[in-house]
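Chain IDs A, B and C follow the sequence of writing; residue 1 opens each chain.
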Amino acid sequence: MIRLNNVVASYRTGRGSINAVDGVTIEIPDGCILGVAGESGCGKSTLMKVIYGDILSPMTLSSGSIEYGFADRRGAPVTSETVQQEWFRRISYVPQSSMNSLNPVIRISKQFIDFPGNDPDKRRVLDKVRAYIGKLGLPAEALDAYPHQLSGGMRQRMMIAMATFFQPELILADEPTTALDVVVQKEILMLLMELQEEMGNTIVLVSHDMGVHYQVTHRMLIMYAAKAVEYGDSDSVFEAPLHPYTRMLISSLPTIGDDRARQGIPGRPPSLWGELRGCRFADRCPLATDRCRVEEPALLEHRPGHFAACHYAGAEVPMGGAQWQ
Amino acid sequence: MAVILRTEGLNKVYRLGSFTRSKAIQALSDVNISVESDHPVIIAVVGESGSGKTTLAKTLLRLVEPTSGRAIVYDKVVAGRGAETARRAFLASIQPIFQNPFEAFSRYRPVDAYLHETADRVAGLSGREALAAVEQSLAAIGLEYADVAGKYTNQFSGGELQRVSIARALIPQPSLIVADEPVSMIDASRRMIIINLFKKLRDEAGRSFLYITHDLATAYYISDFVAVMNKGQVVEFGPARQVMSDPRHAYTRLLLESIPTTRSRWRPRARLAG
Amino acid sequence: MSIDVKDTAMSALLAPAPVKTRTRGSWLWLVNPRLAVGLVILAVMGLGSFILPFFAPADPSIQATYMRNLPVSPAHWLGTNALGQDIFWFLVFAVRNSLTLGVLVAVGVTIIATIVGLSAGYIGGRFERIVMLFVDTFITIPLLPILIILGALIRGNTSFLTVGIIIMIFGWAWDARTVRSMALSLREREFINMARFSGANTIQILVREVFPYVMAYTLVGFINTILFAINLEATLAVIGLSKIEVPTLGSIIFWALNYNALFTGQYVWIVAPIVATVLLFLGLFLTSTGFNAAFASKRGVS
C-alpha cells in the first residue's frame, strides 16, 4: 500500500513559487496498475517524479509525505528522503523515450550492469540478464549492441527489462509507449501487463491516451490543474465518471464504429501562478455555480472506492453549446 | 465530377550517403490513389512513422520533388511532370497546416503578420479588403481580430495557435488544405474542437482536406476517404466507413486491432485483490 | 511516432501568467552584472578616447614635442617617451584609432559574413557549395606565415585602410561559416514553410524570419570581431606591418620594443599600452559574454 499524504510539489523560480502538485492524498493498493491521466500542465509528470524521489531543485516537496509500504535494508520504512537508495531494487522508472535514456556510445550490456546489484560478479549478472531479456522477447545478442542498432520497440523493451530485472515493488512508467508505433505499443503494453501479473508489483502509468488507460489499468487517477479530481476503479471511472471533467474528457474521444457527435472541452486550465479560489475547473464546467467558484471541493468518496472532487459529482453534464475558446 | 486528388505512379526515393556508397530509401512507392467528387471531401492518410504519409503531404505541397509520377489536385497538376509552375496560383489553391503550432510561427513576429502577409501576397488583396478577409477567416475559426492582433506565439495555447494557422490557410480560399498531424500536439480534451472545425469548414465553406494522421479514430470520425500507408505504399484505399469496418488488407487489420480503444479489452484483467 | 509530449511540469511553469502584450521596448532582461561592467569599461574608454583628443595640447604623434624620458608628473600624466612624445596623449589617440579600426572592420566583417552565411545556408544547392568552397579556403589560409611574407614585402609602407582590409580578409570567413550553419538549421523549421505559404520571397524570408534568430549571434560575433581586429592590428604593428607612425595600441608597443623600453627602465611606456589593451579587451569580452548570457537566459527553455 503506497500512501500519498497531501503531497505538495513546488517549483521555485525567480518569479515566485508554483505548486505543480497541490495536495494529492490517495492510497494505492498493492499489485495494481494505476493510470494517471490529465492534460499537459496538470501535474502528472511532477507527481511521478515526486513518487520516484527524483526531486531536484528548483522542484521541492514542500509539504506532505509519501509512505512507500516497504522497508529498506535496515528494516526502516522507506520515505521520500531515503527512496533514492532503493532505485532499481525496490522502485524503478520506465521513461518515455528510450533514446534519451540510453547512452548512445556505450553498449547496452555496460549500461545494464552499471547500477548496483547484490552480485559482485558482473559476468554472472550478465548471464542472468541474458536469460531474462529472452523472456521479454529480445534476442540475447541485443544486450551487446549499441542502442542505435535496435529498433525503438526493442529499446523500450530493454528499458522495461532494466526496470523490472530486480523485481521492484513499484514501477513508474511515464508515457512509456508514446514514442512508439501503435502496433509496437500494443506489444509493449501486453508485456507490461504480463510482467505485472507475474510479479504482482504496482505500476503507476502516466499516459495522455485514455485508450491505453482503459486497456491496462486497474485504477485511475485523473488530475487537473495540480489537483486530483477523480480516483477510482478504471471500470467505474470509464463507465460512470463522477467528475464533469472526466465525463467530458471521456465522451470527447471518438471511437471507430461510433458515429455520435463528439465535442472538445473549450477553454484552458487556469494558470497556476495566480490566486486560485474554488474549483479549478469552474471556468470550463457547464455545471459550475457560485459555490463552485468560491468553495474548493474536497476529494470525497462518493461511491465505495470511487472518489471525486466536485460539489455535483455524478450529475449529468449537458454537452454541446459554445464550441469556441 | 472534379478530380479532387489523383496521384499517378508517385515515387520518392531519398539517397543517403556519398558517391561511392549510398543507400536508397523509398519514401513513396508507386502511390496511385484517385478521389473524384462533386462536393468537398476530407481524405485521411493514415499510417505509422516512416509510412510515407508525411512525404506524400510534402510532395503535394511542393516541399519535396517526386522522383517520378505526378499528382493532380482539383484538375491541376501540382507535382511531377507537367506541373504548373505559377507560384501564386499554386499557393492560392493548396495551403498547409503543420503539426507543431508553436513552431509554425516565428517567435519574433506577431502572428497576425502572417495573416496580413497571406492576404497581401497570396490572395492579392490590399487595404480594407485585406483586413476584411483576415477578420472573416478568424471569425470562421471563432476568434476576433482583437484577440490576435499584435500578439506573439507565447501568448496563445497550442489549440488557439493551431486555429490561427487554420485561419491563415483559409484566407486565399484554397481548394485543398493539407493538414499534417494537426492535432497530435494538442491536448486530448481539446482535439475535437479542431477536428469538428475541419468538418464544419468542409460542409459550410466548401474546403477539401487532406488529413494526415496516425490516429485512426479521428480519421474515422471525419473522413470521407481513407488511404492506409505502410512503408511508402498505399495498402488500402476506399470510403472511410468501409475501410475501417471491413478492412481487406492484413496491415489495416493489424492497425485496427492494435489501437487501444475504450470499448473492449485486449485481455481480461485479473481481479484486483484488496 | 511523432508525438512530442512536452515536459508538462515545465510547460506549467512557462505558461504566461497574466497574459499581457509583450512590451517591445523593455530591455530590462538584457541587464546582468557582467554586461553592465563590460559596458561601463567600454563607455569610459570609448568616450574618453573620442572626446579627450579635442583637448589635446599637441599632436602626440609628432616627435620631439617635449623633453625625452620625463617621469610621471602633473604636466605629463604618464611621462614622455624616448621620442619626446607625451605617453598619455599618445595612448588616448591610440585607443581611439584602435577602436575605430576595430569597429569599422567589425562592421565590414559582420555585414559580409551575415550576407554570405545566410544566403549560402538558406539557398543551398550548388550556390551553397560554391560559396562554402570560397569560405573554407579563406578559413584555412594560415594567418601568420602570410602576414610575415606580406610584412617583408611592405615594410611599413601601407595605409591604414590597407591594414583594415587585410584584417577583414582574414576575419570574415569564420563567422560566415557559423552563420551559414545557423541558417541551415533554421531552414528546416516549420515557420519558414509557413512564411513561404504566406507568399514571402527568399529575401523577405531571410530578413524577417531567419535573421531575428541569428541576431543574437551577430551581436556577439560583432563584438568578438572588434577584439580580433584590434588584436590583429596590434600584432601587425608589433611586427612592423602596420602604419607605425599612426598611434595605435600596437604601434606604441612597437616603438617601445624598438627603443628597448624594458631595459632602459621606461616601464610606463610599455606597461601603459598593455594595461590599456587588457582593459579594452576585458570590456569587450565582458560585454560579449554578458550579451550571450542575457540572450541565453531569455531563450530559456523555448
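In the analysis below, a contact is a pair of C-beta atoms (placed from the backbone, for glycine too) under 8 Å apart; a residue touches a chain by one contact, two chains touch by 3 or more.
These numbers were taken from a predicted model, which means no experiment stands behind them.
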Quiz item: Can you name the chain that lies farthest from chain A, using the mean of each chain's Cα atoms as its centre?
Solution: C
Quiz item: Counting C-beta pairs in contact, which comes out ahead: B-C or A-B?
Solution: A-B
Practice problem: Using mean C-alpha positions as chain centres, tell me how far chain A is from chain C in Å, no decimals. | Solution: 52
Exercise. Quick one: report the Å distance separating chain A from chain B, using the average Cα coordinate of each chain.
Key: 31
Quiz item: For chain B and chain C, what's the span in angstrom between their mean Cα positions?
Solution: 47
Quiz item: Mind pulling the chain C residues that touch 2 or more other chains?
Solution: 1, 3, 16
Quiz prompt | For chain B, residues contacting two or more additional chains | solution = 48-49, 214
Exercise. Return the residues of chain A touching two or more other chains; collapse runs of consecutive numbers into ranges.
Key: 40, 181, 208
Quiz item: Residues of chain C touching chain B in their complex?
Solution: 1-4, 14, 16, 19, 21-22, 189-191, 193-195, 197-200, 208-209, 212-213, 302
Quiz item: Where on chain B does chain C make contact in their complex?
Solution: 48-49, 61, 63, 88, 91, 95-96, 98-100, 103-109, 114, 117-118, 120-122, 150-152, 154-155, 165, 168-169, 181, 184-185, 214
Quiz item: Can you name the residues of chain B that touch chain A in the complex?
Solution: 48-49, 142-143, 157, 159, 187-196, 214, 216-218, 220-221, 244-245, 254-263, 265-267, 269-270, 272-274
Exercise. Provide the residue numbers of chain A that touch chain B in the complex, in ascending order.
Key: 29-32, 39-40, 181-183, 185-186, 189-190, 193, 197, 208-212, 214-216, 218-219, 233, 238, 245, 248-250, 252-257, 262-266, 268, 323-325
